[in-house]
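Structure incoming, see below.
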Amino acid sequence: MITQTTKDYLVRLLKKEERRDGRKLDEFRKVMIEKDIGENAEGSARVRIGNTEVIVGIKMQVGEPYPDKPDEGVMITMCEFLPMASSSFEAGPPGEDEIELGRVIDRGIREGKVIDTKKLVIVPGEKVWTIFVDIYVVNDDGNLYDAAAIAAMAALTVTKIPKLDENHEIIEGEYEGKLPLNHTVISLTAYKAENVIFLDPTHQEESIIDSRLTVGVREDGKIVSLQKGMEGSWTEEEIIKSIEMLQKKAKPFIKQVVK
Amino acid sequence: MITQTTKDYLVRLLKKEERRDGRKLDEFRKVMIEKDIGENAEGSARVRIGNTEVIVGIKMQVGEPYPDKPDEGVMITMCEFLPMASSSFEAGPPGEDEIELGRVIDRGIREGKVIDTKKLVIVPGEKVWTIFVDIYVVNDDGNLYDAAAIAAMAALTVTKIPKLDENHEIIEGEYEGKLPLNHTVISLTAYKAENVIFLDPTHQEESIIDSRLTVGVREDGKIVSLQKGMEGSWTEEEIIKSIEMLQKKAKPFIKQVVK
Amino acid sequence: MITQTTKDYLVRLLKKEERRDGRKLDEFRKVMIEKDIGENAEGSARVRIGNTEVIVGIKMQVGEPYPDKPDEGVMITMCEFLPMASSSFEAGPPGEDEIELGRVIDRGIREGKVIDTKKLVIVPGEKVWTIFVDIYVVNDDGNLYDAAAIAAMAALTVTKIPKLDENHEIIEGEYEGKLPLNHTVISLTAYKAENVIFLDPTHQEESIIDSRLTVGVREDGKIVSLQKGMEGSWTEEEIIKSIEMLQKKAKPFIKQVVK
Amino acid sequence: MVKKIKRSDGRAPDELRKPYIIKAGVVKRAQGSALVQSGKTIVIAAVYGPKKVIPKHLEDRDKAILRCRYNMITFSVKDRKKPGPDKRSVEISKVIANALSRVVMLEEYPRTLIDVDLEVIQADAGTRVAALTAASVALADAGIAMKDLMPAVAAGRANGQILLDLTKEEEDAEDAVDMPFAYIPSTGEITLLQMDGIVDLNEIKKMIDLAKKGAQQIYELQVKALKERYAALATLSEVVK
Amino acid sequence: MVKKIKRSDGRAPDELRKPYIIKAGVVKRAQGSALVQSGKTIVIAAVYGPKKVIPKHLEDRDKAILRCRYNMITFSVKDRKKPGPDKRSVEISKVIANALSRVVMLEEYPRTLIDVDLEVIQADAGTRVAALTAASVALADAGIAMKDLMPAVAAGRANGQILLDLTKEEEDAEDAVDMPFAYIPSTGEITLLQMDGIVDLNEIKKMIDLAKKGAQQIYELQVKALKERYAALATLSEVVK
Amino acid sequence: MVKKIKRSDGRAPDELRKPYIIKAGVVKRAQGSALVQSGKTIVIAAVYGPKKVIPKHLEDRDKAILRCRYNMITFSVKDRKKPGPDKRSVEISKVIANALSRVVMLEEYPRTLIDVDLEVIQADAGTRVAALTAASVALADAGIAMKDLMPAVAAGRANGQILLDLTKEEEDAEDAVDMPFAYIPSTGEITLLQMDGIVDLNEIKKMIDLAKKGAQQIYELQVKALKERYAALATLSEVVK
């Protein structure tokens, strides 16, 4: 789809620390966060980064706890690249790219202890809230990882817990209150091509990327997750430098997302 | 499988309102209905229309109601074209043709309120009868829709409800009585080729068909379902005329099926 | 993989009642049985026959009885040829060869009444032990049937029943005692090529085989199962002769496996 | 013909829901796309193709294969929809593809595949007709040769009244009838017709007549959406991308 | 050899169930077909092929692939059978295909596929042998080159007696043994042999002998069914179709 | 740098588990294979290929496809693992394949497939790094062209201590951090890096440094395993197989 000529051009630019759309290496495209975009979700958000669009819906169901964690709610993260999102256009069970993205976002939220899962118990050992974090990629113009991470966190901030009747069945349209959150985590990703590290690539720029490093950053500055993706490699220095950069970059998103 | 020459010949005939086997446009082949053809089903029937053969079995199991309908039994319709039924010979999960056929038959029975589902409750909100309507196409010589609709209705008319013990387990070989039916519905189908509308095509005739219109007709003359199938289109007049024709045609089948 | 020249050579040898590795027709390669090879299984064993390697693990879970056998435990046998086991290297749901092997081993154990399933009831009609017999082929150098049969029986002989707490949940690391066994069954297999019957083929020798006959032999000399496999045929005399031979051959394995 | 009794959302019986929005070009990567919003129902359509058929033995040497996927996202409905196709979505995908085949000039693109993805983002009844309405706009936006656009709308009955474009609340009425309908105004061809519920022939006639009028209004919105899209593109191309 | 004690259905130990019916040509669309009814067990077999192998890389350049599907329909048994293959049906399909390979001249049809569909319409034990019996008649009816027909029958033991063609009731006996068996009478070849249950060698011999005699009877019914089928076809062709 | 406080299994914080065993050539049929045992964790790797890609349209004309399957056998863990891939194993298979691509000279084998099977026989934490460690030995054993071997190990934190090669017991600590890590000692390239748990940058640095040292030790064991394998093969070839 993307010609070798285009790729060569992008590489030449990058080596001069330049980008086709004039951005700096660490500069994001315009990021738009909309919350409460779906009436039938307990929480939802749409994030656009340039032309990239990701929507996330949070659904809550009464379920069973894991046997080894009888006093905690359950979180299940699902990621689907809608066929419309890109020209690969594949319907079917989730592929490895969808699974990796879903699991990386999941780990950021889970390891950062974002949700106060102890408060999601309905009957200890028997009934707890199951929280579905459903991520849909609507349009892929690069940097899905960051769009998904921001959208998932944004959707959680507006999620309400449904009210239950005496049989523990959901009363439609009524809510107990907001989903209790302990923390805010945003995972951001550094990308590497030709030994240059930069942020927020477009779909075109992704065609020349060797590797990515996703870092889960919490509002208290803690790192809660790392994931090196793709075939390229990193030096220790590159990793440390990237983490430092993303810790800083995450701050305004963390602020913006809880607004 | 069917040559262009044959197709052309069938089209020429049809334009003269003639058919290869001498039938009139609205004339059915011989329809044979046999009931109680399977000892292990709670109800069953075989319908032959010419060489077309469809068998239907009704199985009843103790199951759970749908959460939004705690005081009603559940009906599940399944349709499988046996590999032997035609030269396409495909085993595997149901394809879209099987799904459409199953759902059209299902809708006729469901929307026509044939089964008195309120009488299928065992323990309100907890245990109800699940009725499986399992449709198998054994030989496809055209007009599967009508054969399946007649067979499903015929099988329901002879269905018995098993007796339950105190633990709500089925006592094999004993029955409470007949499945309570409120209505009789037969779905019949009009087929269209070259702007000629006719009934009960053979497999050969189906090769020239553009479209079909299935109409669910109840014993009180009410229409309970419609389904336009295939790629062709219909004018309003054609639809109204076809519905009127099928309302009339359904009457003898409705009588025959309850005998 | 195996050339026609090799096959022709093996056939010529066999017709002279000879084998490439110098064994007699009814001679096994070295059989090594190791028990308790997996810490996380309730019982386990590894069997090597020459280069063939099969491992079996027994896992026990609290489950429900079959409705028609409320007072018996449940046994489920699964067989997977690991992709590494041979050059066909296929991952995915079990294929027909894996299913046949698993079912043949299962039948020997089941029909020989090896496990005292009546003693596996926890709450009659509600909770019983489910015993998973999981067979993995690690390296296929022929005669998987015998390796799997010996490994499954060996693993059962060292299986322990976990201790349960008052809620019928497994207490990790504690055991009630040994799985109660009534009998010992070893299934052994006769192979046939060019009308010569022989035992324990290598992978190379299997390339010239027409058929196999697996015979389940119990410690009391009873035959508990038969399975003719593959496309070839047998005369009655060949069958009787093979059963007699395998009855004898099974004795030392039965002794060895209970040690 | 239709009595002017107000509905729970204040509409006349023969009125489309408000808002009723059609917008082309909403999915940037796609060759063509469209969004349809009918009240609370929101559907996005996107088109990729014509493209190579893989595996090759599935291709049709006389025409393009038109493949539709109708899908509800998990949080489009109150009870979380399990991901993946179910029987309902397989049937709807099929009737939509069948209807579209009447306007898309598939014979212009032999041995190729045209993929149409239809995603229900929010569901409040009428999702299949919204999807079909969006699909033909998306196909036109993709520059696929078409004989005409194809508007689709449901007519039905609730509480004794014949109504256009029913909401979920209306569909839940005791006497509800739902009749999804698609139509080519220029030729009078009805290309999708389904119905659930107990009616007589006279009511069917009324529903079809009502649906035709609704389809005509939707057709105009489809044309308008494409004009706005072309205008936007023209402006864009003047500016030079 | 077999004592003449009556069974619950009044049969002698060495007697086939009544009715025992074989009929060829029961599925009109198929190239060949047959029905076998053994008491309450009813199986239909149908054959399509030789035909092209898709995808091509699966074809065998030396011979035809013989593919069998043994399937129980949902209402063939008391407890509704879940649709789709399970491990049991996969194994039975395999042993049936293996047995048939002994009589079908596959090398006559290189690079092709022969499909055999075996549907258990009603099950009362002995379904796999009924299916195999039906399959070779259906293959012959389809005009596929064969060395011979292949009758199949189960022998076994119940209540201390060695019995032919067991019913489900007999299979449920405490001491039951079931031995499905297929045989080529002209050559004495045993092509399918399975067994469940606790026996000694002497009993196996008795069961095999009994099964051979049963197979011989079934063989004659197979031949008769094909003759009737040919006669019917001949009559038909005289009349001119 | 790392305080010398003993762990529950008696190790120093910067010590690999005992035994830590690498052995090449353990799966006879495979082109190459290796076993890694790290304490109670046991993983076997085997390699088949380069081989033909089926279906052909999946092949890459510029290089080999490296396909990894990471799988836990059912009885590798206390709670029986359901057979078949889950999301975790799909992700791990992918990150392992990605890491290996850095050392395997895939461009030497265009239009082919190299299959790497990684079976976790027993799991006590650190299975993915054991699998990756085994994989590069197995690839070398198979004679696949490689730039270097790639040792992998986890570093982490438990009970306030930065630790190498954590056990499951340590991973279950309240403050546990797990950081799987793979490394090419000769170039300093980090090829696999994941992390779960709450840390600051300083701790990450410490964990990476510790992991590098662990990897260096493992690298030597990898080389040793291959040398032993070659020696054994040499002996074998002198004897003449």
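Letters A, B, C, D, E and F name the chains as they come in the text, with residue numbers starting at 1 for each one.
Just so we're on the same page, a contact is a pair of C-beta atoms (placed from the backbone, for glycine too) under 8 Å apart; a residue touches a chain by one contact, two chains touch by 3 or more.
Treat the numbers as computed from the prediction; the structure is a model and nothing was measured.
Contact with chain A and chain B alike is made by D. Listed here as common contacts of chain A and chain E: D, F.
Counting C-beta pairs in contact across E-F and across B-E shows that the higher total falls to B-E.
The chain pair from B-D, C-F or B-E that repeats the A-F interface, sharing more than half of its contact pairs by residue number, is B-D.
One inter-chain figure worth recording: chain D and chain F are separated by 52 Å, centre to centre, where each centre is the mean of the chain's CA atoms. Each chain gets one centre point, the mean of its Cα atoms, and the points for chain C and chain E are 28 Å apart.
For this pair, chain A with chain D, the centres built from the Cα atoms lie 31 Å apart.
In chain D, 55 are the positions where the chain touches two or more neighbouring chains simultaneously. Taken as a graph of touching chains, this assembly has some other topology, since it is neither a line, a ring, a star nor fully connected.
Interfaces, counted as pairs of touching chains, are A-D, A-F, B-D, B-E, C-E, C-F, D-E, D-F, E-F. Of all the residues in chain F, the ones that touch chain C in their complex are 27-30, 33, 40, 44-46, 48, 69, 71, 73-78, 80, 83-85, 115, 117, 119, 121-123. Chain F meets chain D in the complex at residues 55, 57.
Contact residues on chain F toward chain A in their complex (touch as defined above): 87-88, 90-91, 93-95, 98, 101-102, 179, 184, 187-201, 204-205, 208-209, 212.
Taken in their complex, chain F has these residues touching chain E: 54-55. By the touch criterion stated above, chain B contacts chain E in their complex at residues 38-41, 44, 51, 55, 57-59, 61, 78, 80, 82-87, 89, 91, 93, 132, 134, 136, 138-141, 172, 203.
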